[in-house]
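See structure below.
Order as written gives the chain letters A, B, C and D; numbering starts at 1 within each chain.
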Amino acid sequence: MREISKQTGAQALIGYVIQIDDGHARVVLDIDERHLNRNDGLHGGIAATLLDAACGYNASLAADGETLMPVTTVSMTVNYISRVASGRVTGTAWVTGGGRKIVFVNAELVAEDGSVIATATGTFKRLSQR
Amino acid sequence: MREISKQTGAQALIGYVIQIDDGHARVVLDIDERHLNRNDGLHGGIAATLLDAACGYNASLAADGETLMPVTTVSMTVNYISRVASGRVTGTAWVTGGGRKIVFVNAELVAEDGSVIATATGTFKRLSQR
Amino acid sequence: MREISKQTGAQALIGYVIQIDDGHARVVLDIDERHLNRNDGLHGGIAATLLDAACGYNASLAADGETLMPVTTVSMTVNYISRVASGRVTGTAWVTGGGRKIVFVNAELVAEDGSVIATATGTFKRLSQR
Amino acid sequence: MREISKQTGAQALIGYVIQIDDGHARVVLDIDERHLNRNDGLHGGIAATLLDAACGYNASLAADGETLMPVTTVSMTVNYISRVASGRVTGTAWVTGGGRKIVFVNAELVAEDGSVIATATGTFKRLSQR
């Protein structure tokens, strides 16, 4: 398993970790009070960040399961299903389709007890190789 | 004008400020390297956080333009229109409709030069008064 | 299996059939030229109609798997993954969560050859019993 | 003003009219019982069809305000704000951004009395010139 942490400013700030295993990426965050909203639950924006990262890394890996190709989010919809206030949340994502330029990805954020916190569906654009 | 900063863990972490003026809320963030993604632009998750906050505070204010009623995000879609890497971004939002329980809100995140960075459309649920 | 056709004006107009089996609803449409768009593929609006029906009927059934409780769509996002121009398309949907008032549903529209045409994620509101 | 009706199978079936004026497209539908859902309101799928058409035609016109360039919907989110059961509904849309390949469009469906029935936000892909 390959683990990526603090790779970008936003990742270091929020503190989530990317775990890549067998061609799939997973996002892990241990919730603390820095991640909470006005109702003392996980902030919707932080949940969106984790789901965006889960989608983005899996879209990146879609070409060959190994190389992280540059992609950028075109649009993303998040459904906020249940509340979580502590513990570890894990985001997983799977590519549902796409072509030469666009990749479609669905994702799910799950709490330690298995309850689904949020789901996401996103469209990503492959950037020209740099 | 009323200014809210560091009210929640997530707000303190990311560093955005809420400005409430004349019944409307605005979200302001001065981008630094802690907010950037793998392509050195504003992270999509941070942009989503700002748009969620802009929508949420305006949904909160919708009842009477003054009281911040508790609301929670049901779903939110973000379109990522252009890239920004530095400077100040400002998020504004406006209620498009709703009833006793659900509030519909649209939002826009704009860079200093006036270019639209991202737009959002969200549905929020009014929580029972506490 | 219970089959519903021409129950509403829109259903009769477009010609899709609802099949309810074992507590789950499925939407079936045999594409003809009345369903095509400017590029001679299935019209995005017709695909959205099928996905909305698939989500809605499954949200309706969510209470006890049998009674069709009244629900209304709050918001729906459709991702258009691939093109289809003829044959039968089938829409399935599954509830991902929800509470007393809101139901979250995901859906998928699949062509005869198994390719995914479109996916959807929606939020529905339970209406008061009539 | 240029008026387009029955151009495609789906348009003839549902009966909406496209009006193009001064570089902008508008979609008009006179609701009758063929457009209604299980709750005797305008079917969400028909509303989505009108909003998709409004977005698509304006994305098509975005290049020069006159030529209808081929585009295809990548994703679309619809928020269902209020109910309408009869009369004329009008869909308008405006491009919010985009580049060489992707166009972002927002839309609104309004009833005769001015009330907003639904809003939409979509991403469209320009197809290679045929």
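Everything below uses one rule, namely that contacts are C-beta pairs under 8 Å (C-beta built on N, C-alpha and C of every residue); 3 or more make two chains touch, one makes a residue touch a chain.
Quantities reported herein were computed from a predicted structural model and do not represent experimental measurements.
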Most remote chain, CA-based centroid, reference being chain B: C
Interface with more contacting C-beta pairs, comparing A-B to A-C: A-B
Distance between the centres, which are taken as Cα means, of chain C and chain B, whole angstrom: 32
Averaged-CA centre spacing for the pair chain B and chain A, given as whole angstrom: 20
Centroid spacing, where centroids are CA-atom means, of chain A and chain C in whole angstrom: 27
Sequence positions of chain C contacting 2 or more other chains: 74-75, 77, 79, 121, 123
List of chain D residues in touch with chain C within their complex: 7-10, 12-14, 32-39, 43-46, 48-50, 52-53, 56, 70, 72-80, 83, 127
Residues on chain B engaged by chain C in the complex (per definition of touch): 74-75, 77, 101-102, 121, 123, 125
Contact footprint of chain B on chain D as seen in their complex: 77, 79, 81-82, 96-98, 104, 106, 116, 119, 121, 123
